[in-house]
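Chain lettering (A, B, C and D) follows the sequence in which the chains are written, and residue indices restart at 1 in each chain.
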Amino acid sequence: MRLAVIGASGYAGLELLRLLASRPGDEVVLVTSRQEAGKGLAEVFPHLAGLANYDRLVFEEPAGLAGRADVFLLAAQHGVAMTMTPELLAAGGRVVDLSADYRLTDPALFERYYAPHASPELLGEAVYGLPEIYGEKIKKARLVANPGCYPTSVILGLAPAAKAGLVDPGQIVVADSKSGVSGAGRGALLSNSFCEVQDNFSSYKTIRHRHAPEMVQELTRLSGREFNISFTPHLLPINRGILSTIYVKISPSATLVDLLETYRVFYKDSRFVRLRPQGQSPQTADVRGTNFCDLGIFPCGLTGLVKVVSVIDNLCRGAAGQAVANLNLMTGRPEGHGLELAPLRP
Amino acid sequence: MRLAVIGASGYAGLELLRLLASRPGDEVVLVTSRQEAGKGLAEVFPHLAGLANYDRLVFEEPAGLAGRADVFLLAAQHGVAMTMTPELLAAGGRVVDLSADYRLTDPALFERYYAPHASPELLGEAVYGLPEIYGEKIKKARLVANPGCYPTSVILGLAPAAKAGLVDPGQIVVADSKSGVSGAGRGALLSNSFCEVQDNFSSYKTIRHRHAPEMVQELTRLSGREFNISFTPHLLPINRGILSTIYVKISPSATLVDLLETYRVFYKDSRFVRLRPQGQSPQTADVRGTNFCDLGIFPCGLTGLVKVVSVIDNLCRGAAGQAVANLNLMTGRPEGHGLELAPLRP
Amino acid sequence: MRLAVIGASGYAGLELLRLLASRPGDEVVLVTSRQEAGKGLAEVFPHLAGLANYDRLVFEEPAGLAGRADVFLLAAQHGVAMTMTPELLAAGGRVVDLSADYRLTDPALFERYYAPHASPELLGEAVYGLPEIYGEKIKKARLVANPGCYPTSVILGLAPAAKAGLVDPGQIVVADSKSGVSGAGRGALLSNSFCEVQDNFSSYKTIRHRHAPEMVQELTRLSGREFNISFTPHLLPINRGILSTIYVKISPSATLVDLLETYRVFYKDSRFVRLRPQGQSPQTADVRGTNFCDLGIFPCGLTGLVKVVSVIDNLCRGAAGQAVANLNLMTGRPEGHGLELAPLRP
Amino acid sequence: MRLAVIGASGYAGLELLRLLASRPGDEVVLVTSRQEAGKGLAEVFPHLAGLANYDRLVFEEPAGLAGRADVFLLAAQHGVAMTMTPELLAAGGRVVDLSADYRLTDPALFERYYAPHASPELLGEAVYGLPEIYGEKIKKARLVANPGCYPTSVILGLAPAAKAGLVDPGQIVVADSKSGVSGAGRGALLSNSFCEVQDNFSSYKTIRHRHAPEMVQELTRLSGREFNISFTPHLLPINRGILSTIYVKISPSATLVDLLETYRVFYKDSRFVRLRPQGQSPQTADVRGTNFCDLGIFPCGLTGLVKVVSVIDNLCRGAAGQAVANLNLMTGRPEGHGLELAPLRP
């Protein structure tokens, strides 16, 4: 299989190259980068020198790509994929888009949070790339919309309860999420400079964040009702990792034991969701560099609420790792092909 | 004024010595440390060499202290103050206790979370040392119970709303708190070792934490009703700082504008609470090394909830700085005497 | 005394404002910033709100400043001071320049490392602002060239040995320096972004760095011979702090004991140099936020070399703190006025 | 091949398990840990749950191990291997020892730096496990002494020059090394606690460190003369990574171009040494999680010295990764089997 990585000089693109370097079978035949076009991959990123065929790859401009690969992994900024995808598909290619372009099915909602959509006709076809929920559809998809990092962590934390109708609508669900800095991408921003982030912590986009409607869309689908959720992102002084602490009131008819059993059954065949034994808090380092999502479920000692703690690696499970899992499913391989990696800890 | 710092080799004790080093007027005449007794202060802690009279101070055993100082700042482990305080008071001393020993007024509750109380007869006299709420009582107090770090951040974030009856009891309040590692004290623990914390993040004591009943006690007092709150502490890979994100439903009769005005009026004469302009998220680095508590108040873009973001320095405002503010009030000085420090940023 | 801080929105400028906020006596009457001109100081930097007179200060453009203050603290980029200083002096002002503009006395050398000099006539008058060496000259100076951060750490580590002729020229001195990120200034650079620096370490400008000729100039003056030194800067994933490890061969006629005594005598009246007891390694955190330079002197267990370990806070002793010390000396105050601060540790 | 990991609950042991989890072919059949004996591997280390056969492994006491595996990877404290190895070999096992027990060939030197040796008769047989130098011997070895982390970084940085006689003995070589905290092992030490290390930097064991004689031994062998080197370790606030900056005077008869060519030839067939293009500084993050050693060679702009900058991951190339490379060579596999991993960056 010939693979293309579009936007290969960003952190999600580089993470794809990291994972694909030790994944047997397919070959990366094409890497693009507006900024680095014309330069050798290993010249710009010496940490990748000597791996796979990377010493021979040269960054290209992202133009005229149709037909040059079998699967295109699009790791560009929002807005690029929705212009580029139609021609890639038309030439027989398949696409996993890591941007937000095909995640929301309602083009009006997309426009409100991003921009007018350039290929709304594909929104119906695009499959939301969360294997635990849409695994069967992903296998046959031409176009997969890889989920956002925050939504991955929150939806996986709530999906079993939402689907089973165990969430009491009388208490608005709170999802308090904390992310490492790589989620903001590879770029020069004062707000992401070392001295502004190190030994510091803050919330950001506290009123409204683009990832919220994606959560609402999927949790509404799963629960069959308008799902109300209050989401706040925070910036952690770490490179990678998202931890979401989710506060839920469960239905009066259900017990914590019911809830735990619901989660166990929901995820029993999932390669990459690990339920923690009771009382054990998952840590972001437990999944560093991997496609795992670890979940801990706790009763609140003071109130009737339940706390779900969900951790992922935002660059891996929240972006490139999930894209590779989708690539695996689309090409008839096991979900974990090339992803059976142990976390780098410490 | 002769000051004593008991438990001076822990992080709260060292923070007291930092603040007192550049505070005019009083003199530290006595420092104790079980571990370091007999050694010179500047020998064990060379960063304090050459400051104030510290080169001449020698750590002593914490025994036979009554009468040796006018005010005792107790920064020992929980359980020490409740044994030591009666004799210090009897000899005419005054006490600011930084431990939990005198924070809860109900000895049964204290026993449930800590241990049987050794001097319950003082629980009624002890004043909860939050100057914004108990300033007048603190001025006359012999014994001040310095608040816990998490409670300081959460109570200051909720006090105006709780007191004004603006919190809708139909939605359980969520307080999601994140703390730097120094809150765990100065000790050798694998779970606080660098490699376990750095580039990592997790919740801990997710089911139940000792600081929760302190919040409930004070918020119940302020609101005049049993105050329900779900609290979760998390461990940030930073040295200092607590940020609490608090999710509240405000009463249907009130607007966000009412709430903001309530906070403004409540804190208008407070030296150390800074309300942020709307939309601006406070960061823990904004208060590093100071006694400030910065508050930001935000509407949730998706739900009717309000988010209050509260930041303090856990060692300063959450411990030693607040103790010095209480010392100031107890001795007729302005609350900010010796505390008019700018944050160390970056 | 009316003070002006020019370039107040950079890290050195902000550090000046931090120190001046709790320093009695003088008042900051003027702050400039090209980027933030027209905005309130506390609006842009909320961590400084409520301190000194800062809520009332508004950033101005750096133009037409002559006569508006008694002492100008110039914390601008290299190249600004050499244009601005002549008119400030002409109007009777005095200047402490934190940039490199007046550090090198040879304009040809300045041009080689920086740019052609705009006011070379002042190079002879400017006093190199290292109080331990030029204290008496600083007291009478109109124009003080505040030393670079790396040179401060290296020169203080070598000065006693160099001056006493104890450095054996047969072994080239090695100065291996490691600096926190704030030394690079407050700006948006990919190479200083959190994800590029955190959990990472590297040398930079390994072949040649602008601070080297400053070291050579001063050590040549002190030793009375052309002083040969190999210097390498490295980037530490910390906010503040420089540690220089200096490898010296001492003259065959001298012993380690002689060397230690030489250092003791040289620094015996210095307020801000602390010599460590033998065997104790100074740490950058021991001086965080202060004007101290801590020195440790060690024999090498394997060779005849001596290792001098020198730590400073690059923003404080390496920039703003040293500038305030110079301001103190220039205005007849004790060197430590407003600088008697304990390190923020942890 | 049946593999045993002895001391599997330390950081080097855990790193072995990380690497072996995705390495095809062999199986870990035995893990020991004094502290965790009797507990399930994935129970104690949930980050390894669901990988390889790890859910089924239970930590055992390190006793009665002879014959239970084909190759034993000993990652215990110094002193354990020298007692345990004779019986493991006697039962036909082969050993890669990650401790210092078999690194020094002179038992008197070992005793001076560590303790009396329990099996000195094996010192002559043990092969120093640096594949770039002893690759052929390793292939046939029963007992491989895996090099120390600092020596790996320094020896690889100097080997080509030392062997070719290009190091001028007139200037003592300086090796200034900086290591991440994981090098100190997994344990509860105040000096390695987060608040003591974070945002801090220091040298340690500045006079004498145990790894120095190992460097001297190997560089003396390579150069054929008593090799003089001044070595200083420093503690970086990062989890993993060693960077050594090495200052060398090259022989008057040689040029920098000669030196570069010597390095190129020396390492031309080495899978895991990457020479950087001139002027490019290697960073520790460039090798994070991998077996690579990246080398940069620079002229000093001020003196005639040459600077060699060497980076490795101390846990991987400096311990477990090198052990796996040795295991590969010992068992007839390519050096890189299971080690063809891209660095985790960021």
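Convention: a residue touches a chain if its C-beta (ideal position, glycine included) is under 8 Å from a C-beta of that chain, and two chains touch if they have at least 3 such contacts.
These figures come from a predicted structure and were not determined experimentally.
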| item | value |
| --- | --- |
| Between the pairs C-D and A-D, the one where more C-beta pairs touch | C-D |
| Interchain centroid distance [CA atoms averaged], chain C/chain D, Å | 39 |
| Inter-chain centre distance, chain A versus chain D - centres from mean C-alpha coordinates, in Å | 36 |
| Set of chain C residues in contact with two or more other chains | 11, 182, 195-196, 198-199, 237-240, 282, 285, 288, 346 |
| Chain-level touch network, classified as line, ring, star, complete or other | complete |
| Touching residues (chain side chain A, partner chain C) in the complex | 11, 181-182, 186-190, 192-199, 237-239 |
| For the chain A and chain D complex, residues of the former touching the latter | 11, 14, 17-19, 21-22, 43, 46-51, 182, 198-199, 239-240, 271, 274, 276-277, 280, 282, 285-289, 292, 294, 315, 340-346 |
| Interfacial residue positions of chain C with respect to chain D in the complex | 170-172, 174, 176, 178, 195-196, 198-204, 206-209, 212, 216, 228-232, 234, 236-241, 243, 245, 247, 249, 279, 281-285, 288, 296, 298-305, 307, 309, 311, 346 |
